[in-house]
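Paired with chain B in one complex and with chain C in the other, chain A is shared by the two complexes that follow.
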Partner chain A sequence: MSRYYYYLLILNMLANITVFTPKLLLEKRTNGMIGSLIIAVILGITFLWIITKIFIKFPGRGLPELLESYTPKWFAKLYLLGAGLTWYVAGITTLIGYSFLSKRYLNPDMSLTMIVSIFLVVITFGILMKSQKVLYALEFALALCAPIIIVIIIKASFSDSMNWEIARMPFTYYRNLPSYETISVAMFSVLGYINISIFNREWKKPQKLKIGPIAGIGLLAFINLLTTTLIPIGFNGIDGVGDIVYPWIFTSDSIRMEFFFLERVFIMFLLLYLVISLISMVIHWHVGFQFLMGFSTFPFIKWKKHQLGKYVYIAFFWIASIQIVNRIPEFQAISFIKLYLSLIIPYITFMVLLLFFIVRKVKKNEA
Partner chain B sequence: MRQNFLGLADKILEQFSQADDLIHHDIKYNGETVTLYFLKSIANEDSITRLFIKPFFEVGNLNEYCSYIRSLTIFKEFKDEDEVLQALSIGHLLVKVHYQYFLFDTKNVKNNVILETAVETTVHGPHTAFSEDFETNLNMIRHRYHEPKLAIEIDKIGKRNDVNMVLIYDPTYVNPNTLDAIKTDLKNLDKSLIISVGQLQKYMNKKSKALLPTTLLTERPDRTIFAIEKGKVVVMIDGSPFVLIAPAIFYDFMSAMDDIYQFFWATMFIRLLRYGGLFLTLLLPGLYVAVTSYNTEVFRVQLALSIASSRVGVPYPSFIEVLFMLLMMEFLIEASLRLPKTISSTATMVGGLILGQAATEAVLISNIMIIIVAAVAIANFVIPINEMSVAIRVLKYVLLFTASIGGLMGLTLGFVMILFYFIQVDSYGEPYLKVMYEKKEKSVKGESA
Partner chain C sequence: MRHKLHYPLLIIIFMSGLLTGCGFKDIDKRIFVTNIGIDRSTDEKELYKVTLRLAIPSGNIKQGQDQEYVLLVEDNMTISHAVRKMKSEIDKELDFAHAKVIILGEDVVDENLYDIIDWLARRRDIQKIAWITMAKGTAEDILKARPKSERLASEALINIFDKIGTESPYIHSEYFSEFRRDLYEKGIDAVFPVIDLKKSEDKNETYSINKVAIYRAGEEWKVVNLDPEETRIFNMLKDFEQNVGFVIDTEKEKFLYATDIIKIKYKLTDQPKPKITYDIMMQGILEEKEGVFKQEKVKQYNKLIEQEVKKQIEDLLNKLKEENVDPIGFGVRYKSTRFTQEDRIEKWNRLYPDVLFDIKVKAMIKSSGVTE
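Showing the complex of A and B:
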């Protein structure tokens, strides 16, 4: 596969440390969490394999093009509208999380509307770029942030405040049954492949999916989920970690760099994750935006030869985001995100069935 | 040499009636007459005497003389009268033998002196830059790049001044799509006066309002050769000591020729320094505002306290302080750029030393601000190519603005925004900024991502 495919996978793994995922995972830390993580990775990699395998049969074509040629028009439109909104919500979960985070730690004096607007300016610019350029931006963000994030995680693992005895405790609850909720939340970290449904347009040459790298990705995802959950446990204690809304922010604020010009790792961590979450939002919304453009481009809205259809969606993104962030209080946002994430498995199952249907139709047409 | 240009001589005299430097000179020998027309100011009189006047007296027979002058390598064919008039104005010689006309290229170029490098200097590389004459420059390129396939296409550009433009590329390496795009762009250029390559650089940028240079100007022959070998297209204009290289990507603007001449680790170090300078000059003003006005907890407490104590008594918020000093610095740079050399040193002295010193003593700005402004100015000069360094100079105000609005968050988001801006630019099909570029063979075939 193209290297950008792996970037998409890695981005989701990195992005899952931000905001609410660790909290949602840690809720079940003494309740079959480890089992859930293992199941989530296996399930996630299975879906990854199936979906990617189908998409590389159609080089240079994204989901909108496939739907257009192989399904009825009403279904394609409906599906694209639904998918566009789904991806929009995926982006907004990050936006909600990070704007609360910024309000609390970076800019307490600024109103939420202002914070969200600043985000939206940059994101709007990002989603209007070409798909290829979005991938370049992703590569850049990862190249800038990933090395420092890895250093922080390593530093956290070897820190004096990290108690590995306690971090091992979730393993002792292996007899408890895994829970559906935790599985679906953990699935998010191996969900990056799903963006192939738009970015497949950029991979015009035939690609090959190999077992080796994907197995590596599976292992990486598992390690990533373990560090996401175990390091906060090791720092804050298996009981204490449950009371914390942002376990990783707390954890990073417990690490000091004595001889660096920035003493608190916390601030570096926040800024790095600002970039990571931003690029993650740009990716999600770019994909959602492309789906919506597949739904309709509003060709009748124009001004002096300029097609303005796409700005309808941008306006919708802006208004909806500012409304949602202002209306939903933080604790409700968490349960809302939990609900959203628990819909991942049904959604992907449906998508897989749809793709199977398309493949069957293609074979029929060929026969 | 056709015979049907009966009124040509009269037309020349009429058109050039106000040009006192027109010479129309009859030479007579043995009852035969030959008339020479040329502009004294631009034609080479020596070679005219040597090649045309002396032989006339030695040969003595008009037929032999005609076949002699037609065998000269500087002999030019022409189609109509306008072409002759045009040719005379750029230093050609017209010879009239009875009713036959012969045209010769006897241009005398005064600006073919090879210059010292003034803008891009290196330690170890060649110290010569291009001259202002394109033929001398072609000579310099050919001299360094021995490749029989090298394409040199000479054309005219500019409706009114009709100046010589040369397109140079190596057909083995150049991407044909890029070449076509550049040629169409040059063809569609609808300007009456083209004076320098800098103008071309501006017009060839697709957007009417652009900040980032997508083509590179250089005065160095070695950089030009390097670019040709990398498959780029070089555009040269007569009378301009710079050549234009297209396409150009961000990394081209961050590399100096010294990078090739020095050892690996030395080069790596210098590159690192350059990117350090880039980040410093971009981020420092914004960072100062963010750290003093929004996120004071970022630095270790000693540093936070010393910044705060140096700001005691400063009446303005930090962004005004930064803006004030940065603008002073920009005035200083602009002033010292255009002033006569003898005055400019005084200006920098007064501006830099006295103004800075007095401003801190008057507690208009903090001491640390002076350090920051100086660091920003110096770091900006580390960027090797001037166009990029000016673009960065502008962009740091964008970051200052976003930092003034949103503190560290604004600074980071502004930085990402600038990153997006760089990434979405294209230079003739080549992505402007990308972490890794594919191997040349791949990019030539137009396959990417």
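Showing the complex of A and C:
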């Protein structure tokens, strides 16, 4: 596969740590969490394999094009509208989390509207960029941040404050049954491949999906999920981690680098994750925007030959985001995101069925 | 192509107008809190007495000049309200982001400890890598002290706990986040370093930090104090302090053994009887010796050291057991290695009073120092 495909996967794993996922996973830390993580990775990799395998049969074509060619028009439109909104919500979960975070830690005196607007300006540029340029931006952001994030994670694992005896305690609860909620939350970290439904347009040459790298991705995802959950437990205790709203931010504030240009890892961590969250929002909303453009481009809205249909969506993104972020309290946001993430598995199952249907139709047409 | 670039540029210029700094206060409008002290209020109506030490920045450090700082003291029912009142007493914004040392008075460490820890954890601007310590007496007295060796405001306390300045096996330093974890975690008890003031005859004050206090949480909370010699052994077992000295004083031989390397491992078994087996390997040098050092007697010396170390460790562990506190975290070890579904920690609490300690020490004199 193209290296950008792997970037998409890695981005989701990194973005995983940012906001609410660790909290949602840690809720079940004494309740079959480890089992859920294993199931989530296996399930996620299976879906990854099926969906990617189908998409590489259609080089250069994204999901909107496939739907247009092989499904009824009303269905394609409806599906694209739904998918567009789903991806929009995926982006807004990060936006909610990170704007609360910036309000609390970076800019306590600034209004939420202002914080969100500043994010939105950057993201809007990202949305309107060409898909290929978005991938370039992604590569750049990862090259910038990933090494330092890896250093921080390694530093955290070997820190004196990290108590591995407490951190391994979730393993002792292996007999408890895994829960559906935790599986679906953990699945998010192996969900990056799903953006192939738009970015497949950029991969015009035939691609090959090899089992080796994907097995590596599976292992990486599992390690990533373990660090996401076990490091906060080791730093804050299996009994003390429960009431922390942002376990990873709190943990990064407990790591100290004595001989580095910043003593508080926390400051560095916030800025790194600002980049990761922004690029993650750009990817989600870029894909969502492309789906919506597939739904309708509003060809009748124009001004002096300029097509203005896409700005309808941008306006919607702005207004809805500012309204949602201003109105939703933090703890409700968490339960809302939990609900949203629990819909991942049904959604992907539906998508797989749809893709199978398309493949069958293609075979019929050929025959 | 050229005019296309104008739109993003215009927007960026427009947006930069929003960044005029309404969210930020400049550094000359801020004053930095370097230490937070919390005591029990002497006023009966109030609960806490909060003391903040604020550093006054100065451009150049002159020799013999006293470092300037301001102390703010306020009594109130809640800590946040006390801080709020203090804000009305000073012209600058109080900035907690550089509060490196948190000192709690002896009296305030009781049921209220949880409320204080909660406040410190909840505040976004207080570092979780600040050091926490308990004052012998009141935190206010500690913060009023001015040790002469201090060159920058509150530098002394930071150097002590950081172990970048002085390094001593008697000093135990504890990050706030570690303290909070051990306080909430069942199976391990939280540990305070205890800070005390020492006055010499010429009225020079110095800090002395050579004791620890163990806080046992729960209904029957209590604070167990260790004396300096116990603290030294405790630091060796808990923080893997490497440079510990042992005095061997028998009728025939008298010398001081200073360790370079200590490796500590322990095993915990509960069948048939609860037992903790310590495996300790140490290497070191002779630092002080009365009489002549004889090479052929090294094995005998090693034996003497082993006996002495074993005795000291056993005494400490048995004291902890009798007081029923567990700062080293045997309970956590038990919890993390047993896979039974019943309440492990309650089972461990029943086992702990009967636990036996088996200490195996292997000491080695690597060298006799510069002279034989």
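One rule holds for everything that comes next: the second predicted complex is superposed on the first by the 367 of 367 C-alpha atoms of A that agree within 3 Å, B and C clash if a C-alpha of one lies under 4 Å from a C-alpha of the other, contacts with A are read in each partner's own complex, and residues count from 1 in each chain.
We take it that a residue touches a chain if its C-beta (ideal position, glycine included) is under 8 Å from a C-beta of that chain, and two chains touch if they have at least 3 such contacts.
All of these numbers come straight from a predicted model, not from anything done at the bench.
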| item | value |
| --- | --- |
| Partner chain in contact with A:Arg175 - chain B first, chain C second, else both or neither | second |
| Touching partner for A:Arg264 - first (chain B), second (chain C), both, neither | both |
| Contacts of A:Ala320 with chain B and chain C, given as first, second, both or neither | neither |
| First, second, both or neither for A:Leu274, with chain B first and chain C second | first |
| Chain B versus chain C as contact partner of A:Leu85, first or second or both or neither | neither |
| Contacts of A:Leu226 with chain B and chain C, given as first, second, both or neither | neither |
| Partner chain(s) touched by A:Val359 [first = chain B, second = chain C, both, neither] | neither |
| Contacts of A:Leu308 with chain B and chain C, given as first, second, both or neither | neither |
| First, second, both or neither for A:Ile328, with chain B first and chain C second | neither |
| Residues on chain A lying within both footprints (that of chain B and that of chain C) | 106-107, 110, 114, 118, 121, 125, 263-264 |
| Chain C partner contacts - residues on chain A that touch it in the complex | 104-110, 114, 117-118, 121, 125, 160-161, 163, 165-166, 168-169, 172, 174-175, 235-240, 250, 253-256, 258, 263-264, 266 |
| Residue ranges of chain B touching chain A (in the complex, touch as defined) | 294-295, 297-300, 303, 402, 405-410, 412-413, 416-417, 419-421, 423-424, 431, 433-436, 447-449 |
| Residues of chain C defined as touching chain A within the complex | 8, 11, 15, 18, 22-24, 121, 124, 127-129, 162, 164, 175, 177-178, 180-186, 239, 329, 332-333, 335-339, 341 |
| Chain A to chain B touching residues, read off their complex | 2, 4, 102, 106-107, 110, 114-115, 118-119, 121-122, 125-126, 129-130, 132-133, 135-137, 139-141, 143, 202-203, 205, 261-264, 267, 271, 274-275, 278-279 |
